[in-house]
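All chains are identified by letter, namely A, B, C, D, E and F, in their written order; residue positions are counted from 1 within each chain.
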């Protein structure tokens, strides 16, 4: 169950409106690695943990915090849109700044949301749960979380560099710090799980059932041997259960597949036609 | 540039058709973490590397291999669909096995693809590039790759457990082994980058510009202190630049936001109405 | 800012597992009118209210409650999936019940989420923010909310009728009651706004700027005059500013459009070809 | 069955081309609340009415009219795109107006549709049937329709304010008037159904089967009591079957959920690891 | 402008309900090549024709007819769903037929649409305008239309073979005939345009501006020379402007690309790290 | 199985960066008819051919080549993005060129991909497999391919006209030539199949089972008789099995459908209410 308080976790006040930057900032609200993604990803992972304890609690702590980040960003976007102009070509032609705004802002910020934030990215693409994962396997999912926080902090850093507004920078410096924490926390949790389970997910699948002769092999499918220089091509594997090796000229192990014809009721191209010979087949009624 | 040879990397031949399992197997072709995802993710990451060398080569090696995995899986699906029945309720009622097939198979495998594999997941959802990422930051992206291989191997393991067909199991044991390698290789590459760059992405963002007082703080936003027991709540941070701390009762740092009214030309609810007082406003023409 | 407590708002415990019903129940988690939709719709509407007061508070109250409903439903789905079987045709053939489960359950509940709830609907379609709206105009948005609660309660009622499980029915009876309240509350808020603003959204658009001669006209574009019998075809209009009238044989008011040819650099079909005369034009190099 | 005549329902001729405004106008063709949405929503609702009579006829009348509105808007967009320039940075740099156009127009209007309208919104997002609903319950659906016409008229009003072109304004004044009618007609139909059925959808679900003790309760999940001042928190409920009440400090009614472990064949994190104790588990082969 | 009459173009009455087949039939309503696709594709192509005449009229004739086909199919689906059961595992276990229905039907046909047709395909995926095209170039678009009618008739044929219901077969035999006409008509229109414009789209692009030395070359990028046997590998080209030729061992014509580093403010992996040498870079603050 | 070499099939080097054009060029990478579409369409068609021979080989040859085209375009986009500026309104206001770039470029090229190409179109919409088809019927699919190459070459021609950059034009002239070949090759393959199978897909459906009396009829559903002038309205049909005819005033052949009421457990509007009479029904508990 959730309680909301109306105060913000941190300040979200720009020095001045900037509808172009409002559009860009949407990326970290409703983009692939925006705050909606991490909020719902952590909450669903938390709800699906089978058993309680510190991992579930950590997920719920962080999921609830990310909801507060959506709130801060939505507030910031609404303020960046304060008094945003609308207009047509005539308006654009008269004033190059308004022209730049009309070209660069998301038109839906005026037409659809009435100068409010949207659950969408910087191209106006609405958020979709296709972005997130909760698999029931925590090591897999914490890696998803570490990735999300890495991509997210990278995007916030790029946005920080793209504005001169001190109020915006102040809020972004908060988000950068929180992403630093979140990367650190998932790294700590991953380390712990890897120590308990070994590093390959899922750790409980019996190794003897996989085709172990290629479990540590790098196949060189792209000409040039630069990749052979990497740690991944020689020495003990990271899971300490094998030794990396490098195959310079990989060959196929199975022959060309030949599929059986489909039954008549599927109305595929008839086998005689597929064979591509010149034996005419009667032109329509069989 | 790419060359194709028609032989398969590994065998893809089931003992017998099974249209229900064909549907399930689609998950690892065209699902969020299927082979199309990893193939295109690695290729786009590779094409976007700014500079050449071993990382780019590794990405291209692996991307090209994943194309071969799509091919193996597509072949397997087509064979699992050999002679799949079609039918209506009357047909289903007569034969419980056919009923089970009609209920459990993807109807598009008959109607749309003519007993062929589709670039779709186990619910028939078509693959989308929303699943993938190529950010230009290799540490971030290799974490995305490690996640993808972890989720992917997890799904293949679940599919392995769900079938008795020796041919299918044989092919899946190949994919499991390759995913073991791919997890190992991204782990090796990540370790190398972390040693060079430190662990927080992006490593080049100046730390003094983030709000460092909350860079290592766990806020307890979900009641209960189980998460305080974790490594992420005390001791030196994983990036070795700070010390984790735990805030049991997090408080807001900014006051309630109050947004300015929108201009008239946006036609939002008028401010007097929002204020929610009982001062009647004239009912339509202003 | 949000705080989470781990206790549930209401019970979410089925009598027994039922993976088929788990799939169906997903509709009211991640479907068009599921709990994710209402939660995020209310929160975004609340964040975007320009001014504070009772409407914003009501939105935040209800948005936060809907988060608790997602949590209850996610818990219920996980329990309905307890020990769900996996399997292929051979398994299905042996046991008709398992066959029914394999046909009727969402395969991603096993392969992808590891027996956890997903942010998806009953066909496994992931939730998308395309479902929701926050327009900045509260009367418009409260109508969206009333619609969402009406569709939502309708779907819950259908699910209630589709199960014999007392635990599931108990939880659904809670959701039905809450949807009763939420319909009532949006009706109350709508009534208040309509009294202040009149009933046509947006109320602040000057009526003299619309083509008032057709503001209360029903055009009969579908043969048969049954619709002329309705209240909407005669008597004073609902906004009390006009009189409904009925046009039995609507006619066009503008002539056939004729569009100008596109410039050469667009490479559309050349105008001479569109004219469809038989004047041959030279076959490729112009 | 449908007959088409080539004359337009109303004029759709701008004074001059304006590719930026063409992009914006797409919102009311192919956006969430554009004309494609209302056309197909009304038609599917009409086709699915089980029984004939005035409601079905009204739906078909209005659905057919909305097709004519798509046609008018498509014509207008094509004319606004007349002779639209294409170009690169060099072109943009030379002429600020062309720069503004290239920045502000939808590039697909040149590259993909060849200066024609698209079934897409103002961000170029293609229309999707995810936007619409036909539930079989007319009271629910007429509320969806009222919402759609409210959002739609709001968007048209915003577009009206954003242009100086008299031809565009003339057409929009037609659409505004028709949306006035359509809001009025759905209000009339809703009123009639509410009088027959009472206001809570679905009216036929037995009230004694819902958890009636919370059917009229406002839970205060967002700190602050402003919402307690609303009509929705005291007095008789809108359905006249209960009395609103307000709970200032809502408490959970069920305890923390604890989910059972998943079976081995799901390969989730093992229960011993989830418990988060320090009991080492053997690192890979079980 | 459109007029609707309530009579159907052709009969749409099944002998008996069949909710499983109702789901399958949705493919040709709201699937990639269903009737919504052809209706909206032809209408948008028609609205965008720049100039009037027979092509525009043909598009509008056929677009309007396809609307009538959606109507027939929607009616058929509603009837196939008459009295469809709902239920859970207990219900499924008792009666294998009901179990087959619950497994095989689209659950949204009960929960969401209330036994009505949906603008969706056989997997419940909602229709999207991503499926269609109107490019302004009629030869290109008529080829899209021919493809749509070919795929559409193929799917209807497969559905025809999958049912024993005489009423359903009767309606499908109508659709098959209409698709025969529509394939024939687009073939006729294509032939006419090809004779006027030559066969390569767009015909107005100056041929001397393309890299003509590879305009008729088949590159053998897949091992094996079977494709060299085709008409496309020798003899005069179909546009009669060149001669087909076959390159057995295609070679690259450009060298390996090397991309420049990104600016600092993009926070990509630093160039020194990409080079992959062992020169340590300082671990975080630059 | 696939091998990659790092050399490009053809040059992909612009004279100078141009982030606006980079955005436009994305259309032919990840748009509906971009290179990802043709690559995956041909590969899936090839993998699904049931039988080997020249058609399968041709599909694999061309599919592999299209992968090389994605690579060329991705390289070009990365170079067009070299050093792309980021910035806010203040930056835009100072320099009109930068303003034009910020308005016209895809913000995700900076924020998300770090100046790399994306699997997306010119509006930033990510590629989806909804665009492609592999039906098992080669004549149908080769028509899909011909359409894709026609739309694709049209778009490349429009892009060619939109830039002055000699390097970009050089690469596009290569793609134009390859699209000329690909249109020619699919035309040749189609011609061969049509000669073997006749022109209506699927050729194997027994013609006597379709409603042959309307197999060659043009129904005039759009007022005006221009379409009667076409070849499709008179003379022998293109399949040579019938004669085209024209029906000026098409009439319905079936009466108005009337659907049965839904069962109570569906909670649709009750039949008595639908009948629309004034017989009051009791207001909530039945």
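Keep in mind that, in the parts below, a contact is a pair of C-beta atoms (placed from the backbone, for glycine too) under 8 Å apart; a residue touches a chain by one contact, two chains touch by 3 or more.
All values derive from a computational prediction rather than experimental measurement.
Colleague: Out of curiosity, which chains are bumping into both chain B and chain E?
Modeller: A, C, D, F
Colleague: Higher C-beta contact count, A-B or B-F?
Modeller: Between the chain pairs A-B and B-F, A-B carries more contacts.
Colleague: Looking at chain A with chain C, do both copies bring the same residues to the contact (over half shared) or different ones?
Modeller: Since more than half of the residue numbers are used by both chains, the interface counts as same.
Colleague: Between chain A and chain E, what is the gap in Å from one C-alpha centre to the other?
Modeller: Each chain reduced to its C-alpha mean, chain A and chain E end up 28 Å apart.
Colleague: Counting only Cα atoms for the centres, state how far chain C is from chain D in Å.
Modeller: 7
Colleague: Can you check how far apart chain D and chain E are, centre to centre, with Cα atoms defining each centre and the answer in Å?
Modeller: Their C-alpha centroids are separated by 26 Å.
Colleague: Touching at least two other chains at once: which residues of chain B meet that condition?
Modeller: Within chain B, the residues that touch at least two other chains are 1-9, 32, 48, 50, 52-56, 60-61, 63-65, 68, 75, 78, 86, 96, 99-100, 102-104, 110, 112, 114-115, 123, 125-126, 128, 130, 133, 135-137, 139, 154, 157-158, 161-162, 200, 202, 205, 221-222, 224, 226, 229-230, 239, 250, 252, 256, 259-260, 262, 265-268, 276.
Colleague: Quick check of your reading of the touch definition: is the inter-chain graph here a line, ring, star, complete or other?
Modeller: The chain contacts form a complete graph, every chain touching every other.
Colleague: In their complex, what parts of chain C are in touch with chain F?
Modeller: 154, 157-158, 161-162, 226, 229-230, 265-267, 276
Colleague: Spell out the residues on chain A that touch chain D in their complex, using ranges where they run on.
Modeller: 1-6, 48-56, 86-93, 96, 99-100, 102-104, 106-108, 110-112, 114, 123-126, 135-139, 193, 195-198, 200, 202-208, 239, 241
Colleague: Could you list, by residue number, the parts of chain D that touch chain C in their complex?
Modeller: Listed in rising order, the residues are 5-13, 32-33, 46, 52-58, 60-65, 68, 75, 78-79, 82-83, 86, 110, 114-115, 128, 130-131, 133, 135, 137, 139-140, 143-144, 146-147, 150-151, 153-154, 157, 160, 173-174, 176-178, 180-181, 183-185, 187-189, 191-192, 199-202, 205, 209-222, 224-227, 229-232, 237-239, 244, 250, 252-257, 259-260, 262-263, 265-268.
Colleague: Touching residues of chain E toward chain D in the complex: what are they?
Modeller: These residues of chain E touch chain D: 1-9, 30, 36, 40, 43-44, 47-48, 50, 60-61, 63-65, 67-68, 70-71, 74-75, 78, 112-120, 126-130, 132-137.
Colleague: Given the complex with chain C, which residues does chain B contribute to the contact?
Modeller: Chain B residues touching chain C: 18-21, 23-24, 27, 31-32, 96-97, 99-104, 121-123, 125, 154-155, 158-159, 161-165, 221-224, 250, 252, 256, 258-262, 264, 266-271, 273-276, 280-281, 283-286.
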